[in-house]
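Here it is: the structure, laid out below.
Each chain carries a letter (A, B, C, D, E and F) given by its place in the written order, and its residues are counted from 1.
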Amino acid sequence: MSVLRLGLPKGSLENTTFELFAKAGYKIEGASRSYYPTIDDPEIECVLLRAQEMARYVEEWILDAGLTGLDWILENNADVVEVAELIYGKVGRKPLRWVVAVPQDSPIQSAADLQGKRIATEAVGMTKRYLASHNVEATVEFSWGATEVKPPYLADAIVEITETGSSLRANNLRIVDTVCTTTTRFIANKEAWKDSFKRRKVERLAMMLQGVLAAEKKVALMLNVKKDNLEKVLSLLPALHKPTISSLADDPNWFAVMTIVDKDMIRDIIPDLIAVGAEGLVEYTLNKIFF
Amino acid sequence: MSVLRLGLPKGSLENTTFELFAKAGYKIEGASRSYYPTIDDPEIECVLLRAQEMARYVEEWILDAGLTGLDWILENNADVVEVAELIYGKVGRKPLRWVVAVPQDSPIQSAADLQGKRIATEAVGMTKRYLASHNVEATVEFSWGATEVKPPYLADAIVEITETGSSLRANNLRIVDTVCTTTTRFIANKEAWKDSFKRRKVERLAMMLQGVLAAEKKVALMLNVKKDNLEKVLSLLPALHKPTISSLADDPNWFAVMTIVDKDMIRDIIPDLIAVGAEGLVEYTLNKIFF
Amino acid sequence: MSVLRLGLPKGSLENTTFELFAKAGYKIEGASRSYYPTIDDPEIECVLLRAQEMARYVEEWILDAGLTGLDWILENNADVVEVAELIYGKVGRKPLRWVVAVPQDSPIQSAADLQGKRIATEAVGMTKRYLASHNVEATVEFSWGATEVKPPYLADAIVEITETGSSLRANNLRIVDTVCTTTTRFIANKEAWKDSFKRRKVERLAMMLQGVLAAEKKVALMLNVKKDNLEKVLSLLPALHKPTISSLADDPNWFAVMTIVDKDMIRDIIPDLIAVGAEGLVEYTLNKIFF
Amino acid sequence: MSVLRLGLPKGSLENTTFELFAKAGYKIEGASRSYYPTIDDPEIECVLLRAQEMARYVEEWILDAGLTGLDWILENNADVVEVAELIYGKVGRKPLRWVVAVPQDSPIQSAADLQGKRIATEAVGMTKRYLASHNVEATVEFSWGATEVKPPYLADAIVEITETGSSLRANNLRIVDTVCTTTTRFIANKEAWKDSFKRRKVERLAMMLQGVLAAEKKVALMLNVKKDNLEKVLSLLPALHKPTISSLADDPNWFAVMTIVDKDMIRDIIPDLIAVGAEGLVEYTLNKIFF
Amino acid sequence: MSVLRLGLPKGSLENTTFELFAKAGYKIEGASRSYYPTIDDPEIECVLLRAQEMARYVEEWILDAGLTGLDWILENNADVVEVAELIYGKVGRKPLRWVVAVPQDSPIQSAADLQGKRIATEAVGMTKRYLASHNVEATVEFSWGATEVKPPYLADAIVEITETGSSLRANNLRIVDTVCTTTTRFIANKEAWKDSFKRRKVERLAMMLQGVLAAEKKVALMLNVKKDNLEKVLSLLPALHKPTISSLADDPNWFAVMTIVDKDMIRDIIPDLIAVGAEGLVEYTLNKIFF
Amino acid sequence: MSVLRLGLPKGSLENTTFELFAKAGYKIEGASRSYYPTIDDPEIECVLLRAQEMARYVEEWILDAGLTGLDWILENNADVVEVAELIYGKVGRKPLRWVVAVPQDSPIQSAADLQGKRIATEAVGMTKRYLASHNVEATVEFSWGATEVKPPYLADAIVEITETGSSLRANNLRIVDTVCTTTTRFIANKEAWKDSFKRRKVERLAMMLQGVLAAEKKVALMLNVKKDNLEKVLSLLPALHKPTISSLADDPNWFAVMTIVDKDMIRDIIPDLIAVGAEGLVEYTLNKIFF
């Protein structure tokens, strides 16, 4: 039997990844006890790996595919197939940034000002390439952690990942430049991608994961509306998703409308819909959605 | 830009309020670190306040609007606009009562028997008005907490809030009278209410919160039924919400019925519906509902 | 007023049972404080009992009905009405097995090899009947717990319950034979079953519990499909549940299809449906389902 | 190498036993992962067992020695050597009692009234012997747990262990009689006791455990006193332990006194000592004490 | 039998108080379940009360004695006997201060600048007396909590308790003046104090509590020293406590010295002692100390 | 004022280090909030750093001194003053080892067999030097964590730290060789060491830390003994520490003996002492000890 060797990210993305897989219909168990957890698909074998190392092992075909961040793909300079972008992090659902940060009162204002400075970072390769692209020479030191507390005593600047910048602000650091914007990626080995079994396995898995992530941002609305108000109701609905309209069997003057709306718009669209005649309006949660 | 200054209740209602706002589409963050949490609507500024103080600050227009209990509106004797009643507490979804309670073996049987007694309470104003309305004179002492353990040593009677009476019973107290029945209220300052921006903001927010609370008590039922049984099925459904009936495209003798039913009735109505011919009956959870 | 006296299992099934009842529409409270918790149905009185003792008390009509495992019904050799099978455990939703287990390197390979051995078990009655049915004589000792660590020092073999066998493997034990396969059962006293009030009460409760358990394994799919692809879409759907097909009011060439699918099939069926033309495919969670 | 096979009580006494052994100088590790924990003495092998089963395995020489309660020695009617009494429980340091308890309003007032009743208990053997000694016949049922909630519905009386009686009172039960007073015992197999290596091992271990338990109840007092007051100070000290008196090198009129006092007496004896001239009084904690 | 009615502080001081009593030899139990916990002295009855209310109930002789802060004695303006100062807080062992605090950028620089301002505080009485003593008129509002977040929106200034000022700094507040420095006090009712039984009870309890608190700041040092170095060693020891010097029986040229030293000095005094010839230096913990 | 800049290890040693400093008389606070915690000595400034980076920053005189493991001093090849060895780890008090480990069934039996293999490790420098010293060439990959789960799929061998080898065994790995044995070291910069203020500061701190660690392994014994038995008692005591013998003032035939004994010997020495006539034997805990 063919088997897909799949790497899952150990650490900050770990639990979120397992929850995502579970929602997508793949149950992973035993990860608290073993780095080789079981998955309820006999055609997949999982291994937990730090995101930092994933791309390296996929590139060398020790794994067929894996999930990791774009940042670590770049850091490893890995030559892999990028199957899908999956925008999720430990908590949030937004891209993260690697930035150059310096103390608030530092004279450093741009990449050029880094010349000759000491920079601490977990991403030495990415930082060196960034400096090279700006023709800047500086000392880049590997940081084993807590990079953001190092300036100004232990480093002049840092290159560090940030979501909202709040940890940087809390350490009195100022962002000078963005080195890289990153999201989670589903990657595959180039040879594995030529194997039809493995490619189909990866593509279906990616499709289900994307269906789950898409559904997190949407809700379903069902409402009844009189024929006279149907036009006005429909004009308020977003164009992205074609609403399902059915006539009511017991009263031809009424229609039932079902549609999908962005969660972020709900608090504005519902009062508007009611204002133009929507009745019996009900909102549902979705598990998955595929347009 | 106009901004609505909104007070949220610190303490027992706090987490429930945040969850309610989140379900309504308003994400409040940072409340564990700050009394001025952020909300994802730039037109609202939040402040956390004890429910006891809310009405006072809304009345004096330091805040435009706020959520607090009817009890503390009365205790503060505050002159504010009551926008909406939101029936929710820390855990339950029922009104609470402030009661006069005395030891089981106390001779006190009615308000009149409180004459000359010592009464401990957190709601001194409300208690004094209650006594005045019964033409009773008694000593009312502010209690800093644990009021229910004070009788008989430290007080003859107490005026205290209760949901089920179980804490009173556990302290061997007997309820003599109800001073006030209270629920959460969305209140607004009288001047702020005349500002169309602020009023619209408050009304839409109240609408969404009410849609969430209403949905907590309901579920959606979908079922298929043969034309012959449709009448009997419909007769079992509650009158409140008009069911959505559509004919099935592949069999004109069958109808799909979608309706909204009180959660409390479900365990009785489902067996009845099946008994009169409902098939493929499925129950769904709702996020929000607006009739 | 007639009242149904109902026994609920204390211990490993306890919380899962309460959650199941809550989903079924029956709220049980106070179980953390009392063995006689309250239920929000005045026609039912609950008592918490160890699953091991349940069948005995139901058989003797101290209780009208109760939930316990088939294993303990057999162990007690109890003469009761088996109303319904409810396949749920502490965590999982699968039957469990009582097995004969011995050390990996034990010479025991079958029931016959147990002759003259010392067997530790919590189910002394069931074990003795098993041995008798194989014409084997052995010492059966009641084990107060941690039975799986007793071999080889404190016992030659054990009869113990297992879900996945992992605890047995962790203790270096090998399964020799299955003594009994068990699931949770809703049982009633034989006389109580003749009382129409009590029987109706038990049957409706069992129906709701089964509706909840069935829904855990299913999801609803809604999708739109062009007339030309309808046939292909329908051919992919499982036969068990007849899909609800309605024509769209605004375009007679399109149909909306709603169907119920096993969760386990979702990850395979969704890509297939999309491949044959399903559009706007959305998945929902169900609370209860009744075919 | 000779080895002592020692049984340690799993369950309520477990952690307290390990702490006691640690204080006595014996470090037990791995008990959270295994029933065969390691101890830092190569001449001892440990096994964790329920207290209920300990005496049986010691009597049959599967174990050389073990710790269990007197109650379970009696329940098993085991013929073992009682090496030492170790008065400690899960939390407290007092003997526990097995009692006959009945509902507050039960007519049962003495053992004789149990005639023909149903009695639930975990200690069936002990209860039957108790009844026999009173020439009473009654049904004794093994209770799997929560025995104290069974009367009056599921039993007429119970025989249950109690420390303070508070759990019985909380369940509205009244104590009728004491069946047995119990403390922890260090027991040994009769044959093992004849082996000089094993006997010495057990005796030294018991000595150290007793030294630790004795020290928990004592503190050391050191004080200085003038020659004139020495007599009065000494007269206040308990007779049990001879105080150590030394003269001060720099002032022959002063003495330093060191003595051991019961913790329970400290709050009374210190003010008295100071009143008769003790100075520089200091109290120390003891690890172990041997008189 | 005479009984001392003793009030213990509920809330932030609660656990520390119980620990302190336990070390002093008085075991208080049941405080997690009841406001009337038991104490292992039949001549004392305890009640848990908020520190804010303690002095009031002691003054009115509802209680004989109690522990509370000086701040709340002053706030209540209570006429009670102050038996002992016990310097301990929830965590630390230092006095706390009530201060006037204002926003960093407030123009308020002294008490005089509070004229006409709005001040929020939990200690309304103390604040009003403070203002009166400075001939200042201002609005003093009772604050139900989180007082430090009120300026500048909800108050111009606050009067609040602080230990290190860190909470004030975190809220961008500046200390303008100290209203009151407070520590825990053991207080007694004036009439109760005339009762010799009650007074002796209170005095002995206070003595033991002070012995425990004093011991927390000290350690015992024991060392050996040659006759020639004795002088130098003694000159380094603090004058407060006379060391105990004894000659060694086996070598008249050596002395054993035992002394009590402040914990804070230990890290400096030990190297100094060793430098002048102290040998075999050992440090012990004390339970209680009485000079 | 001169100040010592001191690096403390972040991570596994962190809490143990703080506890050790606290016992030594140095209170470190705020480490949960900041990497620059405060210490109650104004002449010291602390910074928390990963042990991996400590030696680098001390060598470059960014810090004056710091605590780290010998392993990371070697890995960084750092030229620093080794002031003291402090044998303590996260839990235990033993040296740790870095070992070469391979799968149980690997053909690798010695360093020579590593030729051409892939080795994963967190200590790349140390591993490369080890290989060079054996004239072996192999690929050494930096491992971001969970190194012990990498063989055989992701690496042929690992170089990893181990205390008891249990984690290696749990992953089916076999130890081939020891690369380095490591303990915690107190290190200082070479220039800082020439500054008399900084050197004195470091030496006194090291002395106190060693006094604490030494005391953890010892207890004090006090006993009384008759003149006739004194010789026998003394002969049993360890030679390391000279006992303090004093004659009793009230009976010249008795002596009081105080001595220091290794904790590990206590369970053997106490029964022996009692056997030769020691009486009133008492054991105490020590805080610090200096021979």
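One rule holds for everything that comes next: a contact is a pair of C-beta atoms (placed from the backbone, for glycine too) under 8 Å apart; a residue touches a chain by one contact, two chains touch by 3 or more.
All values reported here derive from a predicted model rather than from experimental measurement.
With centres defined by CA atoms alone, the chain at the far end from subunit C is E. A separation of 59 Å divides the Cα centre of subunit A from that of subunit D. Centre-to-centre spacing of subunit B and subunit E amounts to 43 Å, using the average Cα coordinate of each chain. Distance from the subunit A centre to the subunit C centre is 38 Å, each centre being the mean of its Cα atoms.
Within subunit D, residues 246-247, 284-285 each touch two or more of the remaining chains. Under the stated contact rule, the graph of chain-to-chain touches falls outside the line, ring, star and complete shapes. Chains touching one another form the pairs A-B, A-C, A-F, B-C, B-E, C-D, D-E, D-F, E-F. Within the complex formed with subunit B, the residues of subunit C that make contact are 24-26, 204, 207-208, 211, 215, 220, 241-242, 244-247, 255, 258, 260, 284-291.
Interface residues of subunit D facing subunit C in the complex, by the touch rule stated above, are 10-11, 34-36, 47-50, 52-53, 57, 62, 143-146, 149, 153-154. The part of subunit F that touches subunit D in the complex is made up of residues 219, 222, 224, 246-250, 256, 263-264, 266-267, 270-271, 274, 279-285.
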